[in-house]
Amino acid sequence: QYVARMAGIGTMMKLPYQETAEGLDAAFIGVPLDTGTSNRPGARFGPRHIRAESIMVRRYNNATRSAPFDSIMVADIGDVNVNLYNLPDSCRRIKEAYQKIMAAGCIPLTLGGDHTITYPILQAVAEKHGPVGLVHVDAHDDTGDTALGEKIYHGTPFRRCVDDGLLDCKRVVQIGLRGSNYSSDPYKFGREQGFRVVYAHDCWLKSLVPLMEEVRLQMGEKPVYISFDIDGLDPTFAPGTGTPEIAGLTTPQALEIIRGCQGLNIVGCDLVEVAPMYDLSGNTALTAANLLFEMLCVLPKVKDY
Amino acid sequence: QYVARMAGIGTMMKLPYQETAEGLDAAFIGVPLDTGTSNRPGARFGPRHIRAESIMVRRYNNATRSAPFDSIMVADIGDVNVNLYNLPDSCRRIKEAYQKIMAAGCIPLTLGGDHTITYPILQAVAEKHGPVGLVHVDAHDDTGDTALGEKIYHGTPFRRCVDDGLLDCKRVVQIGLRGSNYSSDPYKFGREQGFRVVYAHDCWLKSLVPLMEEVRLQMGEKPVYISFDIDGLDPTFAPGTGTPEIAGLTTPQALEIIRGCQGLNIVGCDLVEVAPMYDLSGNTALTAANLLFEMLCVLPKVKDY
Amino acid sequence: QYVARMAGIGTMMKLPYQETAEGLDAAFIGVPLDTGTSNRPGARFGPRHIRAESIMVRRYNNATRSAPFDSIMVADIGDVNVNLYNLPDSCRRIKEAYQKIMAAGCIPLTLGGDHTITYPILQAVAEKHGPVGLVHVDAHDDTGDTALGEKIYHGTPFRRCVDDGLLDCKRVVQIGLRGSNYSSDPYKFGREQGFRVVYAHDCWLKSLVPLMEEVRLQMGEKPVYISFDIDGLDPTFAPGTGTPEIAGLTTPQALEIIRGCQGLNIVGCDLVEVAPMYDLSGNTALTAANLLFEMLCVLPKVKDY
Amino acid sequence: QYVARMAGIGTMMKLPYQETAEGLDAAFIGVPLDTGTSNRPGARFGPRHIRAESIMVRRYNNATRSAPFDSIMVADIGDVNVNLYNLPDSCRRIKEAYQKIMAAGCIPLTLGGDHTITYPILQAVAEKHGPVGLVHVDAHDDTGDTALGEKIYHGTPFRRCVDDGLLDCKRVVQIGLRGSNYSSDPYKFGREQGFRVVYAHDCWLKSLVPLMEEVRLQMGEKPVYISFDIDGLDPTFAPGTGTPEIAGLTTPQALEIIRGCQGLNIVGCDLVEVAPMYDLSGNTALTAANLLFEMLCVLPKVKDY
Amino acid sequence: QYVARMAGIGTMMKLPYQETAEGLDAAFIGVPLDTGTSNRPGARFGPRHIRAESIMVRRYNNATRSAPFDSIMVADIGDVNVNLYNLPDSCRRIKEAYQKIMAAGCIPLTLGGDHTITYPILQAVAEKHGPVGLVHVDAHDDTGDTALGEKIYHGTPFRRCVDDGLLDCKRVVQIGLRGSNYSSDPYKFGREQGFRVVYAHDCWLKSLVPLMEEVRLQMGEKPVYISFDIDGLDPTFAPGTGTPEIAGLTTPQALEIIRGCQGLNIVGCDLVEVAPMYDLSGNTALTAANLLFEMLCVLPKVKDY
Amino acid sequence: QYVARMAGIGTMMKLPYQETAEGLDAAFIGVPLDTGTSNRPGARFGPRHIRAESIMVRRYNNATRSAPFDSIMVADIGDVNVNLYNLPDSCRRIKEAYQKIMAAGCIPLTLGGDHTITYPILQAVAEKHGPVGLVHVDAHDDTGDTALGEKIYHGTPFRRCVDDGLLDCKRVVQIGLRGSNYSSDPYKFGREQGFRVVYAHDCWLKSLVPLMEEVRLQMGEKPVYISFDIDGLDPTFAPGTGTPEIAGLTTPQALEIIRGCQGLNIVGCDLVEVAPMYDLSGNTALTAANLLFEMLCVLPKVKDY
């Protein structure tokens, strides 16, 4: 039945809400944490605003010809009860929550939250699947070691993942990197691990369809995780974020990247760093909702029509 | 268990969600309709934003010493599926939804929506309780007859209620009226029915505790409905509304009015006209959430501590 | 005489105001209606804000070498007095207003308002010119049948036009379509009528000059109407709209489309769905004002220099 | 005929527009100048936004029982074409425009614009009426001598008026003064001329009805000019202004001041310093529109009902 | 020399910047921390925005007749380099920074930051002065024990201060408390220590001059610290804050409180919880800047004129 | 040492502040003037907001491989004390301030302010270097003669520069010109002097690397000045500006232009027309801060790594 868009309790895409991942093929879950943020906070409200703007998303993806809701069981399972005042304890809470999701055989689609959260999520994911391939879209490589003496914040998740052996480093690609840097060889750590690094300036004015063909080859058939930092997009497309960098990716390119993952063995996805207060129009959250829908559409069991 | 404020699916005051009013003493329900608005639309998003800001509301009311959640069963029952394109049909849908709530013996606490909605709500309420007393807070008397040839919009609900015999006119009080008018004797219709009319300028710089003593006498022990148009407040307290009028009531006065209803036989309440886009700070919705909590605290079965 | 930009009563492009279309070759007219909106309302304030931002538009179009104000008589004829509470009655009022404009031999350039209004406008236009060709820029095809039981709202105007025989269906092109859909073959209705459908994703990173050559052939010499829904643009270019969809057209492409209509037998134009409250910068309205100026520049009688 | 509020070319209160003051008893006129502003500019857009928000104002003033539009001829005569780049030349243009208004026997009601403009307005007013009494509401006394070497800016108009003999200094009252100061005896100049100075802190929590009785005695029957700087109000009531000072007047007090002028021989009024960009809600401009309506209601020839 | 208000590096009130407190009687210092915030973050930007709006503050306080800059040495000494990712470490950094200030014999005037910071500040202050009296303005009593398992966040600073013996509990007053609560006797802890608790609802419509006479008696001649949480003010006066509560204090009352501290032996002051993003107008930061100026004006060595 | 981004007095890129240019190779300097603005004012706050957003800029430019802070002495030398009320006097003050900078042998990098300021800056620059080449990015050619009778405002600086012989006209390029015009041959004046004019519509969908090769040839080895009006960018990239024009340059193109100046003999740079109030997200100022960093990176003495 057709329902007025703004009517109803605000779950993601008006999906049913359930408390656990039991019985689901995929689940939307929020992680309202932003205490790992180095500049502008606010990503704790990302899940709420992404859910709010998701009322615009409908059932069918005419571009990919995917019918996710006709193919798999999906629900919104609410938010992780994070500890806003203690980042390591939040990481523990997130890891435990995702261990339950993995145990249920469900694919998590995460509404962040700042990028810190990908570290504990990948702890749970790799516990089940072993080291994973990674499609990482971001303005930043997030492989710093420490800041202000801390090892856990939104600039270090992928360093920690490497430290813990959660990544299959030859199957990591980072797309959209740019901006000024603290060191003169900023992406050295990743390259030393074997990451493929794709600068934003190598994407300017280009279709990313050819790149994604290469990425599919790189990823092969083994498990892949998609981590999409909304600041990978240019700030014109996503002003509502905490550490924007100019001259980034476009939303068509974002769609090319995600749609280019169709066929991969995706075991989890996240969309992080939406800080809604810096975007009065709501379009950052709207973009995030659509990108999460696109991720849903490329999950392994989703059928075409 | 303490939960981070922004975590979780956004029901009113983090209450459980259930689809019907069965088994409830009171229920929060949204009516996301604003097509009866004469100036700035946006109240269709009132329920969403009031729910969002209600995360600040806690369990106990230290001023009234009320413990509503220890006393009665309350839940959020979602929104009426209004017809945005057809006001009379929306009214029919609202009336039918409220007939079910009334049949369940539940007191509705409504998150508006524009003031049009009070007419069909009162049709359902009066069907059960007979003509009701009314505590109506508003900048406008909302007793117009027609506009642009239409009998149904947010300027006419109480005229329609009188036409249908839904009000016990000697037990009606309108508080906060002000602003320029289309006619030189604007509140004549109400006064002819026996309404008590309290101008905003008679409230300036005054406590309304004495007024509410008189109102309690006026209302007696028979059923009373509270209809609170957020534009009864001064626009400094509630900028997020569609037809603001300067020099209105204060939030302390709003609390005095609602707290002054303690002991009355309240059978329903609404809080209408929150148009969030005109209030970047969210404080209009925050005020609405608090006023709805205060209404909950003065319901008949709520115990003191 | 040079006048400070913000000085003066706010007519479109500081043109003279007159009450009727008598004596004019073309007229700007507002239709401040948004009760056909499915998501965010606010387009009722489109005409006011488009007029406000039009103070930036000057006399000459250096790109097209058009001098509209040296060529034809143009004025601002104010707004249609719509009925905000009754969509069918608003449609009647709009149709009657445009019948008078058509009777005066004047080309209307409409400042919307939501897209509902194009249906009654085309009733008046086709009454004079017979079924028209249509250049329709939009994220949505707007050929739905009903929603919430209603046949009239902003998702159905072109279905209604087909029902009434107002369109020369082989001469219809829809440009910019995208987004998720309610059905798995969303543009089927239009294609069955013979519409040409151009997806947004087929426009990414391309000049639309070649497309418009084909469109000019498709349109031929018979009457053509331009209907430009601002949400055809990407939300970065036009955040101030009610149902934005990501990954849309750019403003250079919008200019290519309109400039590509030069030489066609244009009998009317509209620019709809500007909801200014979602764009604090005013640039959506600014874009709309410029696109309306570009439409003016390609009207049949406008001379080059 | 009832017209939808947002419909129509945006004149003040939907009044007719005419180019000159001929035949009018009173005229609304804009002065879109803000180059005399010391802190935040933007008052150049004051006239546009005050007109826009004036759509909320209706025909009758139920509080004063005034029916201005039934009593006198009023129109909107547009804006003075100021020179944004040259303050002295702007002053000359303003003076000349007002000399014409005065010559037509019309009372000007000015929509500012920063407070600089009151100086040239009073040059024209005093040329006709001789030195005038002044009811000046403001956070600042605006009697500075120079700033940055300049004698003309929004901090000096009343010093310049004294220099030119435009004020009947014993009949000047300044209400609402407050804030920190450049000197330790900031209001000395005014007091030496005989101005009555009323601090904001002497108005806190008080009705100003008694003050206005004294002011009416002070003003007597001779000509009086009302100059209302919106920053006289507390910034909560009027955030949209350039040099806000905390702890100011309330809108009820503003109404008491203006309504307290009923019976005086008012020869002109202005409402200045509305800088709309700092008030997303539009309520500063709405307040300004209402205060201008209240000024209209107390003009000498306006009849009660 | 008069300088254009917006010119110059943005120190507090355009004071000189110096790196340490050496040689100063009083110093403005920022603590840009908000990771102790339970609802809306953003107070990390409080110092920047308070400094920005402080350009409106001038040399003399005409209400208190204080000339602080003629009396004592004051400078801006920048910000504490907090650790955003680790609250206990931030507390350590703050305490050490303030120990240096205290050692220099300088009175700190702090620009917060969330209320967590008052705990480490008082550790340093009490280390020098012994347990201090406290004038605490706030909507909340901030004497919680733990939240989410943590003892350090913005809801607990005064509990921690009691635990550490930093307060002279009979000389503590909390003004402005209100809102719903987690327990049915929310202010019990403070009262048990001997705190005086003043509800907001006991301040409505009242001058606080009499209260402050009592407070001066309560405080006597021993050291007093002023901690002003901007959410003590009503959200209309200070929307830019993280946990607003309706029906609070007014800015005139805030001035009465601070001016009522004149003559006390003040050893430190803070102004916390300004989260600028929720206040587009900037007036929350402007209010904060003015309140800090008023605090400066009542410091022991400041002379009257 | 790593410092939290928001900590510290807000100098440009956290550089040291010093009062004069003595001993510096390059200096950032603000000119907070906007009284030359024809439409929306606010650029007087450009320097403050550019400094605020510059906290995101780090030490190394990975794209150009420049290490400016390892190569040359740079500081922030504050703002010119402009006269907001008198444009010619402001120009005099600016010229004198820049004469001192030039005398110190320092390259100025200017944070505007509206484009008026480039005229007096170039007076000082050309006094030292003789007529300079000019890379001018803008939507407008800014070669008007007068407006409202004035020769000095933001539409005329390059006409005045030609009048005074400050430009080596064969070495002037203007990039990004577009929009409607007051005359039918708007760029005639510049072309007559020998300026190269590059329309925005000739840049659409193109890399500007080839253009910059030509520009480098055009400029040769003689002194070059870069003047970057932020409105050269499309309003989606830079909404915070006073006279936006649709369909402009992108930030990748802006980077290509500035990076394409590497190797030129740059003697000064400015970034003008940032009016922050029209960009809630702060990204216009962020873009400006990054563009100024990029300009710094291409200064003659800056070494690669």
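Residue numbering begins at 1 within each chain, and the chains themselves are lettered A, B, C, D, E and F in the order written.
In the analysis below, a contact is a pair of C-beta atoms (placed from the backbone, for glycine too) under 8 Å apart; a residue touches a chain by one contact, two chains touch by 3 or more.
A quick note: this is a predicted structure, and the numbers were derived from the prediction, not measured.
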- Query: What's the overlap between the neighbours of subunit C and those of subunit F?
  - Reply: A, D
- Identify the chains in contact with subunit B as well as subunit E, in label order. A, D
- Message: Among the chains here, which has the CA centroid at the largest distance from subunit E's centroid?
- Response: C
- Copy-to-copy rotation for subunit D and subunit E - C-alpha atoms, rounded to a multiple of 5°: 120
- Distance in whole angstrom between the CA centres of subunit C and subunit E is 55
- Task: List the centre-to-centre spacing of subunit A and subunit B in whole Å, with centres computed as mean CA coordinates.
- Result: 41
- Message: From the mean C-alpha coordinate of subunit A to that of subunit F, what's the distance rounded to whole Å?
- Response: 37
- Message: Quick check: what residues of subunit E touch more than one other chain, meaning two or more?
- Response: 4, 6, 38, 44-45, 83-84, 147-148, 205, 236, 278, 280
- What are all the touching pairs of chains? A-B, A-C, A-E, A-F, B-C, B-D, B-E, C-D, C-F, D-E, D-F, E-F
- Would you pull the subunit C residues touching subunit D in the complex into a rising list? 1, 3-4, 6-11, 17, 30, 32, 44-45, 47-48, 51-52, 76, 78-84, 280
- Once bound in the complex, which stretches of subunit A touch subunit F? 38-39, 147-148, 178-184, 186-187, 199, 201, 204-205, 234-236, 239-240, 243-247, 278-280
- Item | subunit F partner contacts - residues on subunit C that touch it in the complex | 2, 4-6, 55-63, 65, 67, 205-207, 236-237, 250-252, 254-255, 280-283, 286-287, 290, 293, 305
- Name, in rising order, each residue of subunit D that touches subunit F in their complex. 34-38, 40-42, 44-45, 83-87, 89, 147-150, 152-153, 277-278
